[in-house]
Amino acid sequence: MPYVKIEVTREGVTKQQKQALIKGITDLITDVLNKDPHLTHVVIREIDLDDWGYAGEQVSALRAKGITADKK
Amino acid sequence: MPYVKIEVTREGVTKQQKQALIKGITDLITDVLNKDPHLTHVVIREIDLDDWGYAGEQVSALRAKGITADKK
Amino acid sequence: MPYVKIEVTREGVTKQQKQALIKGITDLITDVLNKDPHLTHVVIREIDLDDWGYAGEQVSALRAKGITADKK
Amino acid sequence: MPYVKIEVTREGVTKQQKQALIKGITDLITDVLNKDPHLTHVVIREIDLDDWGYAGEQVSALRAKGITADKK
Amino acid sequence: MPYVKIEVTREGVTKQQKQALIKGITDLITDVLNKDPHLTHVVIREIDLDDWGYAGEQVSALRAKGITADKK
Amino acid sequence: MPYVKIEVTREGVTKQQKQALIKGITDLITDVLNKDPHLTHVVIREIDLDDWGYAGEQVSALRAKGITADKK
């Protein structure tokens, strides 16, 4: 009975990316824990940039300074 | 001091249904745990169908195939 | 696809009370939203009294003063 | 590695108030727990008044009766 | 800035399985969303079987009847 | 009606530190949002080091390498 919640900043996540996350996490849990996928639920929540704080600053402020969360 | 979070797919839940959930859960907790209802908070979150995954698929895809969550 | 999380202070909630909460909430959601109960998951979390704060105080401190969460 | 979630009713919280919450909580955690702020994330969620229940009633209904959450 | 919470029933999940979930999810998010893994946090919560309800019953009761969550 | 959840790694957080977090956050919310503190609940959750992943690794593994979350 797994339940997974993913929170990410709202920065253009596409329907296809969401599907890839849902499929990937469900498969991972099936592989690692041997769980029936019909008991696995995944919920994605996109968070507005004003509503996520990192190191004391709104992500909207970080992005305005050119600071991204992209893989280097 | 109970706090309850309900997550449901966003599929036309009405204001009256939300009120019925809030009243029903608060009464249940009062009855079962003898809690003062003034200390019980209930938060409802509706989740877009692209953002809920079940058995590795987006609920939007399941609904497009005619698969519902309705009671049989 | 409902998911429900209940957080309550850890003050002797019994297995029977937990079962009553799980049954009551699942039935409520089935009745109000017409959801298949096989898609409803309920998770209960008991929180230690030092870990729940109300009005700026730990519940352990409130209980030591004789302040309860009981229904009046 | 702290993560903080704040849920408040959606009643006109400004961008500046959100920044004050993010800064204040991050500083508090740095001071109290000596944590590197670059490991502290804060997520704010505003909840519609129909979606928050208190004492068995929707906050939208409480507000319609003139009952607020303001400090007395 | 992703944050992921995984809730699973407490049924002997090993340290190695937890590491595989953490690594797998972080890699998935890096691949799908191109996020810097140093901004991805994953939190696993094991839930006692009396505290997880499915279809109105405690998982402890389901397991006593021989009903598992194993992949078929 | 604010509700705040704090998740931190379980690394010796004292009862006094928890009280300081609860008091500090409740006061902050009262100051910034003008909320009645009797409507503010704060829940602290300590997470075992095997159960928190950062950058794809368990925090227990990071700590074994001497990597801390302390403020520099």
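In order of appearance the chains are A, B, C, D, E and F, and numbering begins at 1 in each one.
Going forward, a residue touches a chain if its C-beta (ideal position, glycine included) is under 8 Å from a C-beta of that chain, and two chains touch if they have at least 3 such contacts.
Keep in mind that what you see is a predicted model, and the values were worked out from it rather than measured.
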Request  = Compute the distance, rounded to whole Å, between the mean C-alpha positions of subunit A and subunit B.
outcome  = 21
Multi-chain contact residues (two or more partners), subunit B = 1, 3, 7, 21, 25, 37, 41, 43, 47, 52, 54
Request  = Based on the touch definition given at the start, go ahead and assign the chain network to line, ring, star, complete or other.
outcome  = other
Ask   = Which two-chain combinations qualify as touching?
value = A-B, A-C, A-D, A-E, B-C, B-D, B-F, C-E, C-F, D-E, D-F, E-F
Note = Residue positions on subunit E within touch of subunit A in the complex are 1-9, 13, 17, 20-21, 24-25, 28-30, 32-37, 39, 52, 54, 59, 69-72
Task = Please give the residue numbers of subunit C that touch subunit F in the complex, ascending.
result = 7, 47, 50-58, 60-61
Inquiry  = Under the definition above, what is the set of subunit E residues touching subunit D in their complex?
reply    = 1, 3, 41, 43
Ask   = Okay, in this complex, where on subunit A does subunit B touch?
value = 15, 18-19, 21-23, 25-27, 37-38, 40-46
